[in-house]
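Heads up, the next two complexes both have chain A, just with different partners, chain B and then chain C.
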Partner chain A sequence: MERVSPVISAPAMAPNRPPIDWAGIIFTALLSAAIVLPLIVVGTWAFTEVWRYPNVVPQQFGLRFWNQTLTRADVWSALTISLQLSTVVTLLSAAICLPAAYAFARMDFPGRTVLFFSFLAGHAFPKFGLLIAIAAIFLQLNLIGTFWGVVLIQLVGTLLFMIWIPVAAFQSVDRRMEEAARDVGASPLRVFWSITLPQAGPTIAAAVLLSFVGTFYETEGAWLIGAPGIRTMPVLMISFINNQMVIQYGAVLSVMLWVPSFIALMFARRVIGGGAFARGFGG
Partner chain B sequence: MSVLKISEVSKIFAGPTVAVDKFSLDVADGELVCLLGPSGSGKSTLLRMIGGFERPTSGLITIDGEDITHQPPEKRPTGMVFQSHALWTHMNVFKNLAFGLKLRRLPASEIKQRVEAVLELVGLAGYGGRGVNQLSGGQQQRVALARSLVLEPKILLLDEPFASLDQHLRERLREEVRDIQQRLKITTLFVTHGQDEALAMADRIVVMRDGRTEQVDRPDIIYREPQTPFVAGFIGTMNLVEGEVSNGHFKRAGFAVDMPIADGPAVLAVRPEALDLTAAEPGTARVHRVTDYGTHGLVDLDLRDGTRLKSMVAHPDLFKPGQGVDLRPQAVSAYRDNQRAYRS
Partner chain C sequence: MTDAAEGAKRPLIEGAASRRPTGLLLVAIPVFLVGWLVIWPIINAIGRTLWRPDASGTMGFDLSSYVFFFSDQYSINNLTITLWTTLMCAILLLVICLPIALYLRFSHGRLPAYVQALAIFPMFVPSIILAYAFIRVLGPNGMVDILLNSVGLPKIRTPYLTPWGPVIGLVWDNIPLTVLILLSGLGNVANHAIEAARDVGANRLQVFWHIILPRISNSLLVAISFAVLGIFSSFTLPYLLGPAAPEMMGPFMNRTFREVNDPLNAITQAVITFGFCIAFGLFYVRSVARNQGQ
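Moving on, here comes the complex of A and B:
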């Protein structure tokens, strides 16, 4: 045994120590740097009172700008409006798009393909031109500066996610699973509720989440249609930065804007689990 | 007591493609019938029409005399087991089995009792809490079977249930399924393209081709007395030789067999195990290859015009490639106009 073991152990050990994937490590490092570094810089600025060139670390940390920001009534009203808008838009979008997505995935009707690709159209042209055209129509309809005007314009932005991802989700549900449910006595409606929806659920949740976060950060439509009556958080942030070149205001608002998406992503990780986003995009 | 009656059922898909063509079959109470045929022979379409997943273009399907031709699947007293298992992956094993019982609004205690009983029956006692993705392919297939059995269907429909399993597991499961079917005496229709499966499990086999019945018989009769050259060629290994009959002899390239039928073209059918060989020079055929399977040997032969035949021999070491042999068929059949015209 003793004599044999060195000969055997050398090749046997090999699979336990995979070669170091340097390309992967470098790629990960670059990607992390590109994503994490700006976040760190902005995060640092939010808690900085004095930070002058050429210092690498701020000279003075403090919460002065948080105080100034959080005591402003317009910040709170903008945050409230943003959350209301995102919730209403996401719910409406789900109510409109999910049945449509099911129809696209499962039914055959004239013009199906054309209609399906028409949802890309809103994203195929420069968005600002489209918005200006819509704004002109909204002006006649007295929708400019109203809550529902912004809801309408932001709905347009969610259509692509809320149609295309759920279509992929519904299409990837195994038809045999649905047939098996019919076979044991479930009505078509019951099959949809108990089999199709839970199977497509995680991917649809990903679409809903993307739609919520996307609406929350949407700026152009909210600004063009909402101004001056409706000011969302991103719109407020722009005016903050435009009016006075104080980096900290922007940084504080940025950190505040992270909160909803951070909560949403944490929620998503728990509910959705790995792979659902990838599946949503047909991966 | 459940009898399935299929009368003149046809299914024409857009195209138009005739998938099933005026198919009729009676399945007796407690009988296991195999629908056997190559892909595209319409056997799965037929099964799906009985399950309610396809609508027949014409014809009548009854169970115990009740017309179910146009009933939706959820109203039919049939239970289907799918090739892909089609288990609901967002439910555990227990919930998969309990789903149908809950739809029937049975009390929770009865549901639990019935699910546990059927899990025991398929050899998965104690697996109720497992996720279906934690199970092996064979276990998943058993759960799929249990999901149908727990509802005590009048007719059990199996659509190539073992196709995704490996050979070893397939053989074991088909014995188990046959045992369960006989114990419950449940009327069963089984679709397969594997002749071994059909021969091992069925009370009767329906050989299908192009949506039509070629032959319906007991497995041993299907094997020994195939009615058409298609069945002869499809079940087991069969030498099919086209030739001419004249003056009571079938002839092809020096190979002659007594055949007292009218003159004209015919197809001779002889199984490898019924074709004896004797060494002879130059002989009517030449050995091409000898394969030793341990228990027996298989000799590939070429007639003078190159027609390839197979012969099963007890002692393969007696034959060598290139050697001349004479052929002595022990039992032959002949077909003419797609019908059996002669049997020795």
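Moving on, here comes the complex of A and C:
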């Protein structure tokens, strides 16, 4: 920190050197140890061939286990299933939720408020209890262990995000621009395409991406409804951890699974920033 | 939210056209899904456990599955460990997240930005990766043991497969949302209120207790409600990190449903978790609804 020149400094600023931010340094140290260190350890394991206790660094680095993990048939089938599920769920969710979001944002119809808040219902109950209740119904419908059973359960999980975030996006579009476009003779479809969509688009894209990534990592519904027929990547990870297989398999899968999450992190920053996200959770 | 309020007040250009129930058609499928896969399963679960055929096949009111749950020592132990884990997590989350949120609210610059990024980071770590990382770091011969050994200290008693395993994992997982909710609540605390209190000689603790705490009490409750709803019936982390017995309600329900193949008792356990969380759920919905201001 350089001393701020007294000439430039605003009256509110203290003229002396700012005190050392001890609280910040302590938080940084503790959070780095608790949050970054575990992930570095996992990353290291993924590129390790031999690491025997009690060495602080692995004896031998290498990509041997990447090769072994990626040639496993169960890894490829799980990855395929996960990508299929995430794609189908996200497309279905966008197809049914985006028109609904537009209706909630722009139209007036009976029961609008109650229906809008009905999407909170899924989040007001303990999730796994709700999944058990749904599984009991799916058991009678023979949906347990089927692709479409998992699609349904994961689709319900995306509804709140895919409606509430786009509603906020549609509402923040400048209505005067739309009216101006209409005054000069643009058709409603043309207004939607040229004015509404470009303004609401980035936020909606973030919501779609969040729902894709969220579905990809969804574990509990896939575990309870999908087994034994449907085995997604997270479900495969559970069995790798439980069966104490070669340590590196889990590490390699973690690093691979991490990639979509990282992309989400980059894109979701705009949605999460500004406190709008926390407000969505009732903060 | 100002946009929403403004949009609602301004007359719609279409006027009568927009009052037509076209909107209902557009929202029909998502609403139907919520009805079919959220509302109906809950009603169905309560109904099926209370109103079912007895030994002779006649339908009737029957509390026996609940009586069994509350008279079975194993079930009681599982419920107790769940309540204990939830309480521990709630306390730890407050102790950890409140100082972070307070620090972030009242400082500016690069270091707070980094602290905030770190605190939000776990949101982007899927819990399955977290479980794996936990075992590699805190498990037997994990990274902590390695580091302690390298400076000549004894190994830790690993929390892996003990009740503390799920507590640590769940706290880690819930830090981002708790910090975000508290931070959003602290945004409502005006700077001049704090300065005024400072001017009349209040110390930091007094400012916190008399000025800040009353203004963020609602956010505190929302953060706790949200954490409790997520933790009470969590499955993945207790299943992977917790002890085999007693187990938390999530793994317990899963085992009753899938391995014991006893849907009736699994649903009974689910309804009991609903009962324990109903107050938090209602409070959560009420707060969100009020915040949305519609």
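We take it that the second predicted complex is superposed on the first by the 216 of 283 C-alpha atoms of A that agree within 3 Å, B and C clash if a C-alpha of one lies under 4 Å from a C-alpha of the other, contacts with A are read in each partner's own complex, and residues count from 1 in each chain.
The definition used in the following text is that a contact is a pair of C-beta atoms (placed from the backbone, for glycine too) under 8 Å apart; a residue touches a chain by one contact, two chains touch by 3 or more.
These numbers come from a predicted model, not from an experiment.
Asks: On the A-aligned overlay, A:Q199 touches which partner chain: chain B = first, chain C = second, or both, or neither?
Replies: It touches chain B, and chain C stays clear.
Asks: Between chain B and chain C, which makes contact with more of the residues in chain A?
Replies: Result: the larger residue contact count on chain A belongs to C.
Asks: Once chain A of both complexes is superposed, is A:R190 in touch with chain B (first), chain C (second), both, or neither?
Replies: first
Asks: Which holds for A:A181: it touches chain B only (first), chain C only (second), both, or neither?
Replies: Touch status of A:A181: first partner only.
Asks: What is the shared patch of chain A, the residues that chain B and chain C both contact?
Replies: On chain A, the residues that contact chain B in one structure and chain C in the other are 179, 182.
Asks: Which residues of chain B touch chain A in the complex?
Replies: 51-53, 72-74, 78-80, 82, 84, 86-90, 99-100, 103-104, 144, 147-148, 151
Asks: In the complex, go through chain A and note every residue touching chain B.
Replies: 174, 176-177, 179-187, 190, 194-195, 198-199, 201
Asks: Contact residues on chain A for chain C in the complex?
Replies: Going by the criterion above, the answer is residues 21, 23-25, 27-28, 31-32, 34-39, 41-42, 45, 53-56, 96-97, 99-100, 102-113, 115-130, 132-137, 139, 152-153, 155-156, 159, 163, 168, 171-172, 175, 179, 182, 217, 219-220, 223-224, 227, 234, 237-238, 241-242, 247, 250-251, 254, 257-258, 261-262, 264-265, 268, 272, 275, 277-283.
Asks: Which chain C residues qualify as touching chain A in the complex?
Replies: 1, 3-4, 7, 10, 12-13, 18-24, 26-27, 29-31, 33-35, 37-42, 44-45, 48, 99-100, 103, 107, 109, 111-112, 114-115, 118-137, 141-143, 145-147, 149-150, 172, 177, 180-185, 187, 219, 222-223, 225-226, 229-230, 232-236, 239-240, 249-250, 253-254, 257-258, 263, 266-267, 269-271, 273-274, 277, 281-282, 284-285, 287-289, 291-292, 294
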